[in-house]
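Below you'll find a set of structures to go through.
Both complexes shown next keep chain A, but they swap its partner, so chain B is in the first and chain C is in the second.
Now for the complex of A and B:
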């Protein structure tokens, strides 16, 4: 079986300036993602999804365990060559225009000038940003900034696309656009790992999911095997919603 | 290589877009003009004050620009998450630090090139005025145009930058810096032409200007070391702590930074050999590399 990504018993504890442990973010999580699969990393807030994603990208060093991206450690420059990243918030240089932003990321992906120009034009058209392409992204709306971030993640045509909460904070139309894009990219053979706490989105696009809770793996399986309601399955694994004692407070 | 060129270009553009660099270079030009005008009109001093003001202003303001631009840019990248984005691509930590430093330092040099031309204009005006006065006993011929040219190098770029921003949506600080470079270079060339047409003893003026260039080049290595140090500190510490550490480091470097000896050499009619400037640049390379390596190590250890 060919795996695009293999995560084996990774652990991460964040520490303060004096190296005292502050948060045990990930506690021995293992999973693997087949090439061409759409894989969902689900869990409530603070469950360790973003930390796991950052370890996959080589941005956070695990305390233990191992991660392999196309057979290589993500801390190596070679492994990151085939990875695209869409962060939870659209991180961009506000002084650059959308075209300059894409040109910057095309440079980071080592694309030659001709290929870069062609891909940037395609991506601007795909994301509907041609008219705003020469405006600084600092003045963009959240939805537009998200589209630039998406285009930046795709400019290098990565083999593995890692998306952290891709639909977070988007309106229904933009959410639907993102989901369609994920399905299209998956159909074209791209491996996609996305984290989300929006279960309906995950149910629509993912083939397989792992549910994390408090840094540990609570469940793993194919969406098709989880019954008709992912939400019920999720709550059964993670625990019921907290019952705020509002009446007592108001009284 | 393309990856690192992209990082360097973005760092240069970021530094040039930051109004801080423009503010500091304009301040340096204003100090050169005001100090020289005050001194010459008050004490009838020769061109030495213009020369000292030029050397000191370039050193102090350029060092401030390099340090604060480094700190602001790196902290901004960390806080806005663009550092994460860059490092999620296939770039090495050391390569990232080196490319970012190269872009920033190139932008600092570009920001301060107008200051050099303005300083040379003022020196030329002060010196040509002195020579003309000595030759004919008349009032200085070139001093007035030199002050006007230097003042134009300050005001025109600010107005042009504002106009470009208003009517062409261009970045204010970048347009103003490019315009300052053009105006100050043209002003200096025009002043040389004017002094030549006024039949002032040009060889002396030329040699004075040429003597300044290696002295100015000699100021760049310590600024480069400071910029690399500021970058390394700011990967680990916040803005205030990084600035404080740079200040402490700067105090330790003060004996090496003093341009007093340069001024003495130039005042005695001597010149700083280019080889000496080259030697200083070579001596600064291990320090710059050490700070880049320290920055890369701090980035490597950093969880983003």
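Now for the complex of A and C:
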């Protein structure tokens, strides 16, 4: 079985300036993602999702364990060639236009000029940004900026697309568009790893999920095997919501 | 390679659209033109030219250096703080080329500003002027001369021996080297002194000499220089300096060796000079236009080194700390040579003074390769910026330092991204 992504017993502890451990963010997590699959990395806030994603992207070096992206270490240039990344917030150079932003990322992905121009035109059309393509992205709305970020992640035609909270802060229409895009890309054979704490979104698009809690794997499996309500399954694995003791405070 | 160009284009656009470059360009060009009307000089064309170049191109060069080094220090740290850097680092691009592309864009922008200002300065103060190759006299190596002095003092003076036993030999040698460098040569009336200039050849056509005032007096010095059958008489001094033309028609054969310059003091008072620094033989090296071109290349090379240093600091530190550090470093590098020159003696003073001097000396020696070329002073004095200097400046500042700093910056960027996420 060929895996697009294999994470094996990875651990990460953040340390302060004096190398004293501050947070044990990930404690021995393992999972693997098949090529063409939509994989959800679920968990409450502070469960280690973002750290795991950063380790998959090669931005954070794990303290232990190993990660391979299409059989290579994620810190190699070859592995990075096959990875696209959509961050939680759309970080962009505000002085560039959408076309220049995509052209910049196309250059970083080593695309020749002709291919880059063609792909940028396709992506602008796909994201509906043709009319605003030559305006600086600093003046874009959140939804438009999200589309530029999505197009930037896709410009290199990655084999593995990593999305950190892709629907966070979007209105229902934009959320629906993102979900449709994920399904379309998956149908075209792209492997997608997305982290989210919005369970409805994950239930709609993911084939398989892993649930993290306090840096450890709480559950893993196919969505279809988790019953009719992912939320109930999730709460059963992670624990019920805390009942805040407000009566005393209000009194 | 496409990644490098993408980053280069991004940084060039950032500079252009942030209006930093436009402001720097406008201010530099305006100052270069305005300086013509603000500087009066000493009434002579040479005096005006020297002052004008020092205060126009010299100030523009310093301003470009400071602005771009500070911008470089802020560039990577700003992107890291805005979390844009991580989007670049996850792409298939080598991390050192992220720094290298930015360095190239910033340096080319700065070099363009310098080139335009140099062209304006040339039109105002460079046309019709010849530049000169300069040759220094071949004197004993100062370290060897200091070594000989040390042995002599140790043998002859018991007091020196006793004091020397309490101090490191390195400090004493430094003092003695300063002593050798500052050693006067005094030419009494009626006497002739000679110096060897092995590299000068036949083309030498002038001598530049700086005479030192002894006891506050330098009255109407007079004398004759002779070099390979050509002679020239020492005339009026400006600020203790005279440039004496060597004329073949005035010569009547030579009594010197083939590469020897002689000076006969025909005045009534003794003349003193530091031969290591105050005596130069000059030969014509063509029009100033090419000299300006070479000077701009050298300035661009120095700019690359400082921008690379700024980039490295920006990769290691937060934006404000990096900018502060790079400005402090520039200040220390600029003042340390004059501090070590003014306070050369580490044998005197308190321990704290000696430590401060040692630190300043360290800064001066570290920055010596960068300060060595000093292209504006050469233009000012119409000395030729030699192609060999251009080659050395390019090798050190355009190749070695930027690549080394970029590799380090790339290494730090990939490590430091873990902290800032």
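Everything below uses one rule, namely that the second predicted complex is superposed on the first by the 251 of 251 C-alpha atoms of A that agree within 3 Å, B and C clash if a C-alpha of one lies under 4 Å from a C-alpha of the other, contacts with A are read in each partner's own complex, and residues count from 1 in each chain.
Note that in this section a contact is a pair of C-beta atoms (placed from the backbone, for glycine too) under 8 Å apart; a residue touches a chain by one contact, two chains touch by 3 or more.
Given the structure is predicted, the values throughout are model-derived calculations rather than measurements.
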{"item": "Overlay on chain A: chain C relative to chain B, clash or fit", "value": "clash"}
{"item": "Partner chain(s) touched by A:142 [first = chain B, second = chain C, both, neither]", "value": "neither"}
{"item": "Touching partner for A:222 - first (chain B), second (chain C), both, neither", "value": "neither"}
{"item": "First, second, both or neither for A:57, with chain B first and chain C second", "value": "both"}
{"item": "A:80 touches, of chain B and chain C: first, second, both or neither?", "value": "both"}
{"item": "First, second, both or neither for A:110, with chain B first and chain C second", "value": "both"}
{"item": "Stretch of chain C penetrating chain B in the combined three-chain arrangement, among 239-247, 257-265 or 293-301", "value": "293-301"}
{"item": "Chain C-contacting residues of chain A that also contact chain B", "value": "54, 57-61, 77-78, 80-81, 83, 85, 87, 89, 91-93, 95-96, 100, 103-112, 152, 156"}
{"item": "Chain A contact footprint on chain C (complex, rising order)", "value": "2-3, 5-7, 9-10, 13-14, 17-18, 82-84, 86-94, 414-415, 417-418, 421"}
{"item": "Residue ranges of chain A in contact with chain B within the complex", "value": "14, 54, 57-61, 77-81, 83, 85, 87, 89, 91-96, 100, 103-112, 135, 152, 156"}
{"item": "Chain B residues touching chain A - in the complex, by the definition given at the top", "value": "2-3, 5-7, 9-10, 13-14, 17, 80-82, 84-92, 169, 171, 301, 303-304"}
{"item": "Chain A to chain C touching residues, read off their complex", "value": "50, 54, 57-61, 75, 77-78, 80-81, 83, 85, 87, 89, 91-93, 95-96, 100, 103-112, 152, 156"}
